[in-house]
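What follows is one structure encoded as structure tokens, with my remarks underneath.
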Amino acid sequence: MKIGFLGLGAMGHAMARRLLEAGHDLTVWNRTPAKADDLVAKGARRAESPADAARGVEIVLSMLIDDAAVQAAAFGPDGVASALAPGAIHACCGTISLAQAHRLRDGHTERGQAYASATVLGRPPAAEAGTLFVIAAGEETVVTRLTPVLEVLGQRVFLAGEDPAKANLVKLSLNFLIMSTIEQMAEVFALNEKAGIDPKTVFEIMTGSFYNAPVHRNYGKMMVERAYDDPGATVRLGLKDTEMVLAAGHDLQVPLPYAAIARDRFLAAMAAGDADRDFVVLMENARRDAGLTR
Amino acid sequence: MKIGFLGLGAMGHAMARRLLEAGHDLTVWNRTPAKADDLVAKGARRAESPADAARGVEIVLSMLIDDAAVQAAAFGPDGVASALAPGAIHACCGTISLAQAHRLRDGHTERGQAYASATVLGRPPAAEAGTLFVIAAGEETVVTRLTPVLEVLGQRVFLAGEDPAKANLVKLSLNFLIMSTIEQMAEVFALNEKAGIDPKTVFEIMTGSFYNAPVHRNYGKMMVERAYDDPGATVRLGLKDTEMVLAAGHDLQVPLPYAAIARDRFLAAMAAGDADRDFVVLMENARRDAGLTR
Amino acid sequence: MKIGFLGLGAMGHAMARRLLEAGHDLTVWNRTPAKADDLVAKGARRAESPADAARGVEIVLSMLIDDAAVQAAAFGPDGVASALAPGAIHACCGTISLAQAHRLRDGHTERGQAYASATVLGRPPAAEAGTLFVIAAGEETVVTRLTPVLEVLGQRVFLAGEDPAKANLVKLSLNFLIMSTIEQMAEVFALNEKAGIDPKTVFEIMTGSFYNAPVHRNYGKMMVERAYDDPGATVRLGLKDTEMVLAAGHDLQVPLPYAAIARDRFLAAMAAGDADRDFVVLMENARRDAGLTR
Amino acid sequence: MKIGFLGLGAMGHAMARRLLEAGHDLTVWNRTPAKADDLVAKGARRAESPADAARGVEIVLSMLIDDAAVQAAAFGPDGVASALAPGAIHACCGTISLAQAHRLRDGHTERGQAYASATVLGRPPAAEAGTLFVIAAGEETVVTRLTPVLEVLGQRVFLAGEDPAKANLVKLSLNFLIMSTIEQMAEVFALNEKAGIDPKTVFEIMTGSFYNAPVHRNYGKMMVERAYDDPGATVRLGLKDTEMVLAAGHDLQVPLPYAAIARDRFLAAMAAGDADRDFVVLMENARRDAGLTR
């Protein structure tokens, strides 16, 4: 299938490569063109602009950093909307706000184009291996057309409803579960460390018994090793996602006390100069409050 | 081995039965004697008092409801301490406070007796099957003597240190992880329900991806089914455990904001008349705050 | 002095009237023109647009509902900026965000016009009597030119600095003190009511001893009388202000846990259908959580 | 009137002196006898024990540090209860828990003695001047007999009900208002300081407008001066009082989120080594979380 792909960060690059290796006819665009070099060497076409990537394809996937980036790529000068064929689909895989999902849906719908959200769970290696989890939402006919492509990317495709924003809400909710699990564990580790129990012992007991999900194992391991400087996701990003969760809570009128505390923890981490460290550094907020020194 | 066993609630009964079936020479005591009938029929001896259960045995295990109950059984009239042989061990399996663990250790040590904490994770069926997780703490020689018995009860025995209270702190920490996971999920489910997404869909995505630990699966399932009336653990019990976690935080000077919120949620549930329902009813606090009606 | 005045809600109307009665040459504009009728009868000129109110005056004061309203009035079609003379001043008295204050300053500065923030504390009767408190911020020469006008409105004019946003931050801070004082009192009243002590007794003791500021007396009285339906400020407005405080905390990287809780309380009140009641209705959140019925 | 007085700390000493100067026949007791020297020089009798102070008097007032101290003085060896005449009154002025108030009432009632709570607001200079505020609770006939004495101590005597614990709950509530006002102001001062606005400016605006109660002026002034080392009340004491407020919330089933945060702040201050500094040092928690250095 002819597919356009926008955004070649670590995650987007891995997804694009997976699609290419699965035999799709891929046109790729990235703000910094060099990121596309190896994909071009493998047969992808390099686009000059989002419009260029969208011209003549059935599906454009975008994996961009935030609301502003995808808004610009969709509706800015030389944007997707200016070139995408009627009936063709823009599917946004990035973590964006509910309001942005609605702007994308509305903007494309006005132009006779289709839109769906297709958010993804997992890290770049899973993307390359096609073992992501995909949460899609959009009109049934649109999602049905997308599904074969999404199944190349993910080991499983979940459906969240007809309103594209629902996939974004579920994705934000799952991100919130990560952040609040980090805070949970940070409190537990600080409490035990203060009592003279090595957090690694607690981690071993947790993951050896009933707290053995990837969310415990992956983040807990980094926490007890206090490995903050090879960030998978930064404090800055964690704060952004938490603000989006809280914004959803605002719009839907749902108090979210655990999210509010996560926000305060991220702000304290920002203020402490940890903006660009892995967001498991929340561990240090809890340790510092407990009088434990780094 | 000659073992005394105190406390035949659902959990204690299952543990005692497991020990009996493993061939141990068991003397059992319960405040309400009838709870021992079937064990006696299987060969256990019925004790008249904790002292009676402690006389002549190498190990007394207790599985009692709270600090006061174990204090009375250990040091009250006809208590364990009055009859336990020098060097014999009282191992407390219940969820008690750190201060109570120290009282037990000190009281037995004064009398030349040994004490260890041997807290357990899991429900009665796991106890009967010998697949609990055990977290033990105490002097190395004491724990070494206990281990063969603990290995009958648990699929794995973790060691938390020489101070018996460390096992209690780890156990309270793990209970806190349950309660805060319930609060996490309650916020997520309420947020999604308000947006028109069935919590069951979110639960399916969670447990189908990275949030698939027993703590997610077991409690999340009850939450999305809103199954509150066949309680595994009640709100009253959840509040008691949370207060013990906070008391540990107080004594160790460790702020625990997530635990503080769990406490407030439990209090609101108590005030709403839900004291004796399963503690996953915290789901309803989050729903009510979001304006969702029962 | 020739003064333009934008926004004739309850507060703006009272301020405009005060200026008129002090002898100023006033041109007034309001989205709904009828609100100006009595002022016109007293000698004010009615403007057709913000531009019309700004033409030929030395100072334009605006008292509009939110960021969007003042942005439109300043820079929209027929906005202030299109007609205000070089060097003339736009002073914004409304409660706006720090970002909006910067947008106003920058937009006017580009056009050679001056901008200052002149936020006000107090209710309409104080405005009519000229007994408001004014918090001003802006370039010293600008604020100096404004001061004689501000002294007509307020019994005292405080200066917060050269950056106009500083006046807005102080004003938002003071609003946050109101909301958090309401939450404080709500918790205290609920706690005492549950113990069988009439909140009115507690209120009498508070205001008869060390808790006798207007912020206690005015809001506390409404709370113990549970007078929610003749709103001075609504839940909707309280939530908006709280979000602006939290946004300032975000931008400045300052965790604000009390503000976060106030936000959750306002959201719960919105969800309960109390959006348009007086924001002291937070009293009912605390009562409800305590199991007290309305 | 013949009065016994127990506890000559700064506050108790000032109260005893006031009673002596008003012409009462005073017998005083303190654990460290030397604290009574100047009172004895002015005509008080020195008692050897609480019992000795209680023998032959109509009223014993106690102003002791905590639950344990008053329990020991009342019912321990040579305690008040062993010597107080039938019908004579023990009135406890200290800040104690509700449970302790009930223990005192019940213990004295059993012995045919009377008990009331007579908690006080204010500092030692107000005690010497007789300008405290008194909050009394107890059986009407008992409080009526006490009132002439309480009116010597206080400028005003408030009545909280027939259950003595009600006076304690109101007193704890007022203390909670102090602590939560400190937290409010700490957040506001940190936010403004981070924006480059001197907290002293904000304090001046607060106390020059609607936030001018003693609770704002007294504590706010110490905060903006960062005067922590001549403590009126320490972090340790603030934590103790907060725990008593939370315990009342527990027993009455009332969530108190602002009190929960104050508790966490006090714990962080304890962990930072500030246990014996004035409790306005919570200011530094907020500053530190905002990345402001001392």
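By written order: A, B, C and D. Residues from 1 in each chain.
Keep in mind that, in the parts below, a contact is a pair of C-beta atoms (placed from the backbone, for glycine too) under 8 Å apart; a residue touches a chain by one contact, two chains touch by 3 or more.
Protein names from UniProt, one per chain: A, B, C, D = NAD(P)-dependent oxidoreductase.
Since this is a predicted model, take the numbers as computed values, not measurements.
Chain centres were defined as the mean of their Cα atoms; on that basis the chain farthest from subunit C turns out to be B. Each chain gets a centre from the mean of its Cα atoms; for subunit B and subunit D, those two points are 39 Å apart. Subunit C and subunit D have centres, each the mean of its CA atoms, that are 38 Å apart.
Each of the following residues of subunit C touches two or more other chains: 249, 253-257, 261, 264, 267-268, 270-271, 289-291.
Viewed as a contact network, the protein chains are fully connected, with every chain touching every other. Against subunit B, the residues of subunit C that register as touching in their complex are 257, 264, 267-268, 270-273, 289-291. Every residue of subunit B that touches subunit D in the complex is listed here, in rising order: 239, 243, 249-250, 253-257, 260-261, 263-265, 267-268, 270-271.
Residue ranges on subunit C touching subunit D, taken from their complex, read 98, 121, 133, 135, 156, 158, 160-161, 163, 165-166, 169-170, 173-174, 176-177, 180-181, 183-185, 187-188, 190-192, 194-197, 201-202, 204-206, 208-216, 245, 248-249, 252-259, 261, 286, 289-291.
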